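In structure tokens below, several structures.
Next come two complexes, and both contain subunit A; in the first it sits with subunit B, in the second with subunit C.
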Partner chain A sequence: MELLIEKGVGIMKEEIGILEGRQNQIFEKKSGQEQQFDISCDKTSLSGSVSQRACVFCGSRVVLYPVADAIHIVHGPIGCAAYTWDIRGAVSSGPELHRLSFSTDLQEMDVIYGGEKKLYRSLIELIEQYQPNAAFIYSTCIIGLIGDDIEAVCKKVAQEKGIPVMPVHSEGFKGTKMDGYKAACSALMKLIGTGSTESISKYSINILGEFNLAGEAWIIREYYEKMGIEVVATMTGDGRIDAIRRSHGASLNVVQCSGSMTSLAKDMEKKYGIPYIRVSYFGFEDMSKSLYDVAALFPERPEIMEKAREIVREEIRTYYPEMQKFKSALTGKKAAIYVGGAFKTFSLIKALRTIGMSVVLAGSQTGNKDDYLRLKEMCDEGTVIVDDSNPVELSKFVLEKEADLLIGGVKERPIAFKLGVGFCDHNHERKIPLAGFVGMYNFAKEVYESVMSPVWQFAPRKGGLA
Partner chain B sequence: MLLRHTPKEVKAREGLTINPAKTCQPIGAMYAALGIHGCLPHSHGSQGCCSYHRSTLTRHYKEPVMAATSSFTEGASVFGGQANLLQSIETIFSVYDPDIIAVHSTCLSETIGDDLQQITKKASDDGKIPEGKYVIYASTPSFVGSHVTGYANMVTGIAEQFAKSTGEQKDQINIIAGWMEPSDMREIKRLSKELGVKIVLFPDTSDVLDAPQTGKHEFYPKGGTTIEELISVGDSKCSLALGCISAEPAAIALDKRCKVPFETVDMPIGLSATDRFIMSLSKAAGVDVPDEITDERGRLIDVMTDMEQYFYGKKVALFGDPDQLIPLTEFLLDLNMKPIHIVSGTPGQRFEKRMKEILQRIPEANFKNGLNADMFLLHQWMKNEPVDLLIGNTYGKYIARDENTPFIRFGFPILDRIGHSYFPNVGYAGSLRLIEKILGAFMDRQDREAPEEKFELVM
Partner chain C sequence: MKTASINGKSTKSAKTATQNACKLCNPLGACLAFRGIENCVPFLHGSQGCATYIRRYLISHYKEPIDIASSNFNEETAVFGGSHNLQLGLKNVTQQYKPEVIGIATTCLSETIGDDVPMILKDYKAIMRDEAPLPIMIFASTPSYSGTHIDGFHAAVRSAVKTLAEKGTKQNLVNIFPGMISPADIRYLKEILTSFALPFVLLPDYSKTLDGGPWAEYHRIPPGGTPTDAIASTGSASASIEFGSTLEARKSAAGYLEERFGIPRRHLPLPIGIKASDRFIAILEQLSETPMPAIYEDERRRLIDAYADGHKYIFGKRAILYGEEDLVISMAAFLSEIGILPVLCASGGKSGLMKKRLLELIPGLDELDIKVRENVDFVDIEHEADELRPDLLIGNSKGFTMSKKHDLPLIRIGFPIHDRFGGQRLHHIGYRGTQELFDRIVNTVIEGRQQSSSIGYTYM
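Our next item is the complex of A and B:
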């Protein structure tokens, strides 16, 4: 097989094309003796790599962006605002301020003399114009260097305009996307606790780490509400400032996409004594568990659990038979997964097994050691596990492991198609909900449509060999 | 009504951009570098910059876009990014093995004060650049100019850092491409071939960002101007720069360095601009225009006359990049349409000067570029004087929807349609395609919205 990566420098035995210094971020599960598992992660990418990762700002922006009745103003040169303008399909049922792009558009003179005044004026103009319920101010790389005191500006504007104005310390170079999540969570923490918790039910939750891509939060919310549980706030999908402000009145935090929101759940536990659980809404198995786990925490109301069982029964009865035709076609096919957070890969492995597929590559941009240990436990022999991968590695493993499907995000899609394998976007660009029971059906259908597409009979596949 | 908050009244804004009609310099530098064969663009800054540019280009082209990053950390921002860049150069050559690394700076590395020239020299002195390989650079801080000037800076860097003058003139003409699509570059090459002129086109993203499906992921696709060609541009008879903002600076640099005279013409969009391009190229090469091209031109004029009644007096709003807006505005006027609102986020006085000349016939036309020339302003203008057609990149769809205005996608980025990478907008053929789109937009609307008694079969 002719691989372009043969040009690369071989480091691991027979394993060409792996970046020097990255061997420890790749692991292949093998049979036989006990393997040492010491994948290194949580580290910054090697300079000069074609990393698929983003930055701190990106992390903050994706977490806060779905709050729809706030203005989101990017303090810095134009690029950061332009590239994040409405690129993530986070749907709102009402206001849509989050879909606009506001930037201080810093120029050379601002970099020399500071951008505080410009930020202040921009904020005043915007708040008068749009009458938002709050404002988030994102610091970009350059703000960290020129030393604008955005805290002070925010404070001043908040006083003058009477709305919360939150600085988000998201300078791109100050860590990884994970640090951006944390910065976003601290901004949310400043809002939480400032609203009235009056009339919030004892049987109530917040949905954390659900961003309402393609309307997914609505599906999840409906399940919980059917169970008789009040959803105080979703953070941040279809998010509203008032709901966030009173979210400390909920009895439980239900955290999905643990990478982005666990720190908020922990902070809320510490400050308000609200316990949290980690869930996933992908796949029948994890979706059902996320309903049962919540119900189990309200034992004094057994009807909640009863209702949960009923929902699971009904939904699976609806979708499971429908999925069998996909399963029979897909059984034995192989998938490669490369997504942002490791937690998502756990669910995806299970979901793929539900439709008869095995996983030959599992990786993430931002997993931590525990995540990868758990991945190792879950995976079959021969599965390759990678942290912070790059296109060369991904292409190599997809070809070597003869994957039929790649699951990833925007940058991975064309790679899959060039290689002649199917693709499913499990990131910002999903067009249909993949969460919930209906989401599992959608997922199976999407995978089926892509893997079994007649287009592959015309497209040279797998390195041009098949 | 996504843009329901846009007020009709235009008020002066102080330092705020709402819905920009531009993005930052580095992505332009990355795009230009992709037009060199065997080149890996390198972003000297935080990881996010590189990731955003790659994602945006991928969304626009539906193609893999490869580029590396210095992956700045807090340390780099305190001690400078030299170590990161040196490490990057070493890593890239040993693992990704390009022929060329094209480094561009970012707001972060510029503000820290990294000097790309000095760092690449150090890399060379330290033996980090293998024999026969190149590291070129361009300074592209995000707080200056726009994606268009970033493109121009990298193209200038390419010209300055490759061109050599051997003293022996080659029978070839340089065509310096302004920011255009791979399809446009392909069309420029086709037209030159029809004319029988040997050209070196740079940069050239055809066969890079419109690559065929082969079952392989080609890290370095077969297209792009080669090193050999780029070195030879210093010996060319002359240069033709297509666009005064995105291409001319490279032509000037080449003139300074290798004494290659140049002429700047508009990007050949529309009849008049294509005429000028063909005339300039044929004159420079001393060739006659063949019948094939004259016939292409004739077909375009034929359609312009056939459909003349549908263009008359139609008002148009357009936004995007100056080198495209200038000839496009002229073309709309040639079609007897009325371009009345024009916005470009890219700063520069050339735009204003040219627009003033072109729009003499329409004194009421609004045009603005640079700071605060954003889509919020364009929308406000449109509220004050509605138009029949909006032309611009994908972000125009919000305004088009809210105002129920027919909309043609044109420019960068186009995130929701295909075609731009495969079908040109330049040349007579490209102009014909534009006409087809314009008419399609009008007529589809008419068919959709006309009352039954006015619903026409023959149009």
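Our next item is the complex of A and C:
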């Protein structure tokens, strides 16, 4: 039963083992000869490993959650709705229906006799009560098994109530979080194209994959608007049904976050001929690039590019000097990154370099092969790259590589703190915007405050008593 | 359309969906209880999401790493059954965590497809019989479509005892099953039992696993928890003490031990308030044949003195209580003894026993117009709040939305406390816990008075 560690990367000779079936999901970049890079990813988590991933439902919920003028009904037993109630820092400039939690709260009898009637009644009542502009119905694990035809129920309610009622096929076990993203995008696809595109400018975009955590979509939107570009829809971030319905009128889709909404951009390209580009709003470098890349696609209006340059100049002039204090303190410190999407790790590596930090571990829950190849190119020697990791592995590498900082989400936070390592929350619960130029400043400040805190002097890692 | 429409146009009769639930699902409670067994890894038989969401939810309260393994269902598993995944999962957890115990709980998915987990475990043991000693496997059936997290908690504790308790010569030993209390409460309980010089087994004990110190190296399983040999000895104890007004013997660990080994079950409400704490201490005095140690005598006297010092601030205040039924019941009894009227006692649970148990503690319940509501959510509670004119909300963090909207102070107790620091270190039980609660309640009222006055009093 001992582990076949030799198959892995040769750095895990000691006690913390890597599970058989996971060795190929870990890679360490080394110097010298050409290394074979054959990281295994894009697969479901191994049974019994404590994956940091969630499920299909989570993927769908993440994407659609910030649509604020729709009601989100979780069809199933209570857990899935309870654990996602007001879970994220996605803010709205108006209605806040997304912050409520609705569940059909299926009971044993519903499981035996089916939950369609309960779903129907729930929908009718909630729509009457809250007057939303649409409803999203999330299927949880058991819905398919008990044979509920939620398509039929949604159709019926949509007819009776005159609003879109969108089924989201997000049964937890039917794939990974990525499949949940796709299910959410299919639901959105049904909305897109049903609104009027009249009076939409030729110089217009949609912002995809930006969930308005701590108001980030507003920051990004403002940059583009300053450039003279019309933002038709921020899609789900501070999302509104009407904006989504007319989003096919935009000239370009600007997609952030590698996994979550690329499939929507592809579908929109196919159906409406709207091209898309992938961007990231984290760090000065990628943030600037995301403005330039968009501007470059509207060459007939050079003033857009001029304006983009002006914004970048101005913003960097504002924040760069302030950041030098952080940089001088943080230079030489080491960071470990473990986040949901691989695309974010690219930006974070660059952002960390801006403040003098190197990356010793980079990983994601849902990266694909191309992502990891790119990651390998970007990383320094000795950096460990992991796919779908778990607490045991993460801790092992954080300690071995002597990281001073871990970047992750709620589930990673206690790992860092237990081990006496600084932490930066880069997930959906954060309350401070990390996107945009101001976001980079906030990020640097947060990293500085955590890494440089005097509390670590008592940590066993620094010689304190365990 | 903003949150102002929370109460919308609906009437109470037309409410099918649960809105802003005042409960969690069954498996969460089981995972929490399993965390209180030494060297145990909680394992959920279901989709990956269940484990991850529950971890996230628990971590946000306890601020400790909480690893929960999952059998990670996929489509084939759902069609062909979960036995392969469960067995592979157990193998992998054994390999990576080297646990002494794996605490397995089901989910709605594995229950709905009808997996016979005990049978799968039996097969697994047969297949693995030549391997190094297998971890002990404790199994609790926790379908999310019935009951709430508290049922999962008790199911896990009962099944731990069922799996491990051994018959033996009666010894001077007391079992204590405190239910879902905070790590600080557990530490205090242990202190009390120790000072009575009563040998005891407390299960589950997550006082260290969910509120521990820093680590020099990563622990696959955090140190602490009730050891398995201690759980084994519960079968030869001379008595069991079990908290939880609505906890029925047929669902409880003490109930099992009474039925199986004839160990008397001393069942009482969570000891919150002087009367309830006295009742608990009296049992300890009886079992240990020693009077209450002086330090608790002093704690009690200070508490009575504090009641006197603070009574005028709070007399006649009206409070809404919500949360697990047992916590609400005991809190209501405590409020009644300090002059606060618990105008609404609400829970997402539905034992059907809440009112009955409350009547035993507050006989004048109906005359006092105290409303008792089982199986409600936060929207229901808000509906009631409109008419009840409460001064205070007392419950977990999830009442904050209501607290903000109605401009009512919220006193955070129990679980989860996601919007304040140190929820794991709050005391609720015994004289010390009551003192802490009393101080917090009085201070909340004082603060409200001070803030709402334009004068700016510095003496209150």
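In this section, the second predicted complex is superposed on the first by the 445 of 466 C-alpha atoms of A that agree within 3 Å, B and C clash if a C-alpha of one lies under 4 Å from a C-alpha of the other, contacts with A are read in each partner's own complex, and residues count from 1 in each chain.
One rule holds in what follows: a contact is a pair of C-beta atoms (placed from the backbone, for glycine too) under 8 Å apart; a residue touches a chain by one contact, two chains touch by 3 or more.
Computed from a predicted model, the values in this text were never measured in an experiment.
> After aligning the two structures on subunit A, examine subunit B and subunit C and state clash or fit.
Once both complexes are aligned on subunit A, subunit B and subunit C clash.
> If we overlay the two complexes on their shared chain A, which of subunit B and subunit C does A:S122 touch? Say first, second, both or neither.
Touch partners of A:S122: subunit B and subunit C.
> Which of the two partners, first being subunit B and second being subunit C, lies in contact with A:G94: first, second, both, or neither?
After superposition on chain A, A:G94 lies in contact with subunit C alone.
> Does the superposition put A:Y113 against subunit B (first), subunit C (second), both, or neither?
Neither partner.
> Looking at A:S51 after the superposition, I want to know if it touches subunit B, subunit C, both of them or none. Which is it: first, second, both, neither?
So A:S51 meets both subunit B and subunit C here.
> Name the contact category of A:D69: first (subunit B only), second (subunit C only), both, or neither.
After superposition on chain A, A:D69 lies in contact with subunit C alone.
> Identify the residues of subunit A that lie in both the subunit B contact region and the subunit C contact region.
17, 19-21, 44-58, 76-85, 96-97, 99-108, 110-111, 118, 121-122, 125-126, 129-130, 140-142, 144-146, 172-175, 391-392, 395, 410-411, 413-415, 417-420, 459-461, 464, 466
> Sort out for me which residues of subunit A touch subunit B in the complex.
These residues of subunit A touch subunit B: 2, 4, 7-9, 17, 19-21, 44-58, 76-85, 87, 96-97, 99-108, 110-111, 117-118, 121-122, 125-126, 129-130, 140-142, 144-146, 172-176, 391-392, 395, 410-411, 413-415, 417-420, 459-466.
> For subunit A, which residues count as touching subunit C in their complex?
Counting only subunit A, the residues touching subunit C are 1, 3, 16-17, 19-21, 44-58, 69, 73, 76-86, 94-97, 99-108, 110-111, 118, 121-122, 125-126, 128-132, 140-142, 144-146, 172-175, 390-392, 395-396, 399, 410-411, 413-415, 417-420, 458-461, 464, 466.
> What does subunit C use to touch subunit A in their complex?
Those in contact with subunit A are residues 1-3, 5-6, 8-10, 14-21, 23-28, 43, 46-57, 59-60, 63-75, 77-78, 85-86, 88-97, 107-109, 112-113, 131-132, 143-146, 148, 213-218, 220, 398, 401.
> Touching residues of subunit B toward subunit A in the complex: what are they?
It comes out as residues 2-3, 5, 7, 13-20, 22-27, 40, 42, 45-56, 58-59, 61-74, 76-77, 83-85, 87-92, 94-97, 106-108, 111-112, 141-144, 146, 211, 213-219, 345, 371, 395, 398, 415.
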